[in-house]
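After this come two complexes, each holding chain A, first together with chain B and then together with chain C.
What follows is the complex of A and B.
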C-alpha cells in the first residue's frame, strides 16, 4: 500500500513539478507540445489496452480519435459550444458509435477482429472526406482556443486565449486527464470487473458457463475504450486547433496498439510508458532521416523478442 | 422425488448429420443420471443443448417448468444449470483460487458499478466469495495448491478445478462431461466419492462417462444414446441386461459395459 502511494507521489512530482521545471530550465518550451501529445496518445492507448484485456486486438482506435476530434471541432465551430462541454460529448458520442459497431464485430476473434478494426480507421477517414459537415480534405481550421471554465464559482481553467503560452495550459490539462483516466483504469482492472475481463480474455466459453454475459461485457469494454479514444482525439484537436481527415490514420491506430505491446499488456500503466518511449524514440530518430523507420522498426522487433511481456515486465521480474 | 429437468423431443442437426435425434427424458431432483453411448453418439452435443451452448433444431429443455434451451449460456447458468467441459477448460493464467473466486459471479449481489466503486455490498460479496472459494477448494482437496498458476496443474487437478469452477456458481444441476477421463483407478474412485458428495450437497448431477464400472457404481439411472437416438433408459442393472444396449456396444469388449 505505502509502495503504491510512493509510486503515485513520484509520478505526480515528475509530471507536475519536474517536467515543467526541466522545460523552464532548458528553455525547450517546444517540449510542452511533445509531452501533451504523449499524455493524450497514452489515454487513447489505454483504451486499446482495455480491449486487449478482454482478448481483442484493436487496431481501430484512430477511428474514434478522429471521430471525437470532429465532434468537438464541429460543436465548437458550427454550434458555438464551449470546448469543455465537447469533451464528454465527444467521448460519449464515440462510446455510443462503438456500441453500434461493436455489437456485430465483437463476435469476431483474433485476426478477424483486428482486420475489421484496421479497416474502421480507413472508413472513418473516407467518411470525413465525404460528408459535408467535416469540410472534406480542407478540414476544419482556426478552431478557437478553450474559454474559461468554472464549477460552482470555482475557476477550473482560465480563458486559454488570454494566456501567454496556451501550450502550457494544454500540457496541464492533458496530464490531469491522463492521471484521472489511468487512475480510473487502475481501479477498474483491480476491481472484480477487471477479473471478469481477464476471465473473458482467457476463455470466453468458460466465462459464459459461469454466468458472465460475455457479449455485454465485450461491448462495455469496447465502449470505454472508444470513449477514451474520442476524448483524447477531442483534446488533441483543441490543442492543434485544426482537424483533417488525416489527423488520425491507420498509422496512429497501429501505434496505439504498439504502445500497449511495448509497455506491457499485463500492466495498466503499460500503455503510458509505451507511448512515452515510442513517441520520444521516434522523434529522437528524426535526425536519422531516411533510416528513421528502419532503425525504429528494428528496435521494435528486438524489444518484442527480448521483452515479450513489455517494458514493465522488467520491474516485475526483479520483484518476483 | 420431484422432476427438476425435462428434455423434450430434443433434436440437433449439423448439416446432414443428426447428432441428437428426438431425445426425451426427465431428471429428478438430487439424482445422479449418466448419459452413455459409443463415441460420437451425441452425448456432448446433448449437454451443450441442455446448457444452451448450442441451440436445438427442435425440441426444448425445461428446468423447473421454465424453458432454458435456445437461450444464451449465461442465462441457463443464472437459472442454475451449469456445465463443465469435456476438455480441461480453466482460466489458465490465474491462480487456482482466483479461478474459483471469479467463478462466483452469479452469486454477486453488488452491481458492476458497485464493484468499481468498492461499495459495502461489493466488499461483502468479495469476502463471501473468498470464503466460499476456500470451502470449495478444501471440499475438492485443492486447498494446498490454491496459489498455483492453473496452467501448471497436473491433469487430475485440472479436472477437479473444472468442477470447482462449476460449483462456485452454486448450480442446482451440474453437467459433468467425462469427469473421470484420464484418471487412474484410485483417482477415479476418489472422484466417484466426490460426485456422491456433490449430491449430498443437494445437487442434481448429470454426467457423460465412458468408464463403465464407475458409471454403474455411481448412477441412479442411465440414459443410453446411439447415433443420436435414445435407445434405453433405466437403472444400472436394467441397462446392463438391455438387449439393444448390448447390441450397440457389440464389437466393444463385453467388460466395457460391466457385464
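What follows is the complex of A and C.
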C-alpha cells in the first residue's frame, strides 16, 4: 500500500513539478505541446485498453476522437458554447453513439470486431467529409481558446486567451485530465465490475452461464471507452484550435491500439507508458528525416520480438 | 449496365485474388496481416523494375514479384510471427507485429522507389468495343489471368497433399498435428503462398493502374472488408467477398455518381449493418 502511495506521489511530482521545471530550465517550450499530446492521446488509449480488457480489439478510437472533436468545435463555433461545457457533452455524445453502434457490433469477436471498428474510423472520416455542418475537407478552423471557468466563485481556470502562453495551460489541463482518468480506470479495474470484465476477456460463455450480464457489461465498457476517446478528441481540438476530417484517421486508431500493446495489455498504466514511448520515439527520430519510419518500425519489430507482452512486463518478470 | 457488370467482374477478380492471400494467412495462423496491402505494392514495384526498367517480358516480371514475396513471406513467418506467437501471452500481439511490418515495408519502399506514381507500358494494346461494353484488352487479359489463378488456387488446395495439409490446419490445428501434419512447415508454406498471391496481383495490376508507395494501407483495408463479407479464413468466402466488393464499387460509382463521393460511405454502412445481422460473413466459421 505504501508502495502505491509513493508511486503515485512520484508520478504527480514528475508530471506537475519536474516536467515543467525541466522545460523551463532548458527553454524548450515547444515540448509543452508534445507532452499535452501525449497526455491526451494516452486518455484515448486508455479507452482502447478498456475494450482490450473485455477481450475486444478496438481499432475505432479515432472515430470517437474525431466525433468528440467535431461536437466540441461545432458547439463552440456555431452555438457559442463555452469550451468547458462542450467537454462533457462531447464525451457523453460519443458514449451514447457508441451504445447505439456497440449493441449490434459488440456481438462480433476477434478480428471481426477489430475490422468493423477499423472501418468505423473510415466511416467517420467520410461522414465528416460528406455532412454539411462539418464544413467538408476545409474543416473548422480558428476555434477560440477556452474562456475562464469558475465553480462557486472559485476560479478553476483563467481565460486562456489572456495567458502569455496558453500551451502551458493546456499542458496542465490535459495532465490533470489524464491523472483523473487513469485514477478512475485503476479504480474501475480493481472494483467488482473490473473483475467481472476480466471474466469476459477469459470466457464469455462461462461468465454468462454463471449469471453475468455480458451484453450490458461490454456495452458499458465500450461506452466508457468511447467517452474517453471523445473527451480526448475535444480537448485536442481545443489545443490545436482547428479540426479537419483527417485530424484522426485510421493511422491514429491503429496507433491508439499500438500504444496499449506496447505498454502491456495486462497493466492499467500500460497505455500511458506506451503512448509516451511511441510518441516521443517518433518525435525524437524526426531528425533522422527519411529514415525516421524505417528506424521506428524496426525498433517496434525488435521490441515485439523481445517483449511481446509489453514494456511493463519487464518489471513483472523481475518480481516473480 | 453491361459496362457496369463487366467492370465489376474485372475488379472482382483482382480483389478476390488479394483477399485469398489474406484469408489463407488468417485461416492458418489467426494472424490478421496488416502488411498485405504493402506486399501488394511491393509486388507492383518489382514488376515495375523488372518489366518497366530492365525490359524483360511481363510474365517473367510477375513471376519475379511472386517469388520474391513468397521468400519474404516465408522468412516473416519463420523469424517474426512464429517467435512472437510462441512468446506472447495473448494471440492479438501478432497484430502489433503485423502493423510494425506494414510500417517497415512502407518505409523501405519509400526509400527505394520514392513517392512518385509509377506505371509501365501497356502489355496489350487496343480496346474491346462490342455488345455495349468498352474494355481495354489489357484489362481483359489481366482479369482472365486472375480468374485462372483463382481456379488453380482452388484446385491446388483441393487436390494436392500440401493443400490438404493446409486445409486440415485451418480446420483444427491440434487435430492436424496429431494426424502427423508438419504444422510448422505448412504454416510457413501457407504464409509464403499468401504473400506470393499479394505480390502477383500487385505485379498484374501495375500494368493497368500503376503503383505508388502510399496505397498499401487502403488496399489492406479493402482486403479486410472482402474477407469480412465472405467470412474470414474461408477461401470461398474470400472469392465471394472480392467479387461482391468489386460489383458494389462498380455499381455504386455509377448509381451514386450524382451524390458526390459517397460510394464508400454507403458500402461501409451496408457492411456494418450486414455484419450485425450475420457476424461471421457469408460463410465464415463462428468467431473467426
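We take it that the second predicted complex is superposed on the first by the 320 of 320 C-alpha atoms of A that agree within 3 Å, B and C clash if a C-alpha of one lies under 4 Å from a C-alpha of the other, contacts with A are read in each partner's own complex, and residues count from 1 in each chain.
To be clear about the criterion, a residue touches a chain if its C-beta (ideal position, glycine included) is under 8 Å from a C-beta of that chain, and two chains touch if they have at least 3 such contacts.
From a predicted model like this one, the values you see are computed outputs, not experimental measurements.
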Considering only touches as defined above, state whether A:107 meets chain B (first), chain C (second), both or neither. second
Who does A:138 touch here: chain B (first), chain C (second), both, or neither? neither
Does chain B (first) or chain C (second) touch A:293, or do both, or does neither? second
Once chain A of both complexes is superposed, is A:3 in touch with chain B (first), chain C (second), both, or neither? neither
Is A:309 touching anything from chain B or chain C once the two structures are fitted on A? First, second, both or neither. second
With both structures fitted on chain A, tell me whether chain B or chain C touches more of chain A's residues. C
Figure out whether A:187 sits in contact with chain B (first) or chain C (second), or with both, or with neither. first
So, does A:203 touch the first partner chain B, the second partner chain C, both, or neither? first
Identify the overlap between the chain B-contacting and the chain C-contacting residues of chain A. none
Note: in the complex, chain B contacts chain A through residues 51, 53, 72-74, 77-78, 82-85, 89-94, 98, 101-103, 105-106, 108, 112, 115-116, 118, 122, 125-126, 165-166, 168-169
Chain B contact footprint on chain A (complex, rising order): 187-188, 191-193, 195-196, 198-199, 202-203, 205-206, 208-215, 220
The residues of chain C that touch chain A in their complex are 26, 30, 32, 34, 80, 83-84, 87-90, 92-93, 95-97, 99-101, 103-104, 106-108, 110-111, 217, 221, 224-225, 228, 232, 260-262, 264-265, 268-269, 271-272, 275-276, 279-281, 284, 287-288
Chain A residues touching chain C in their complex are 52, 57, 101, 104-105, 107-112, 114-116, 118-120, 122-123, 126-127, 129-130, 250-251, 254, 257-258, 261-262, 265-266, 290-291, 293-294, 296-298, 300-301, 304-305, 308-309
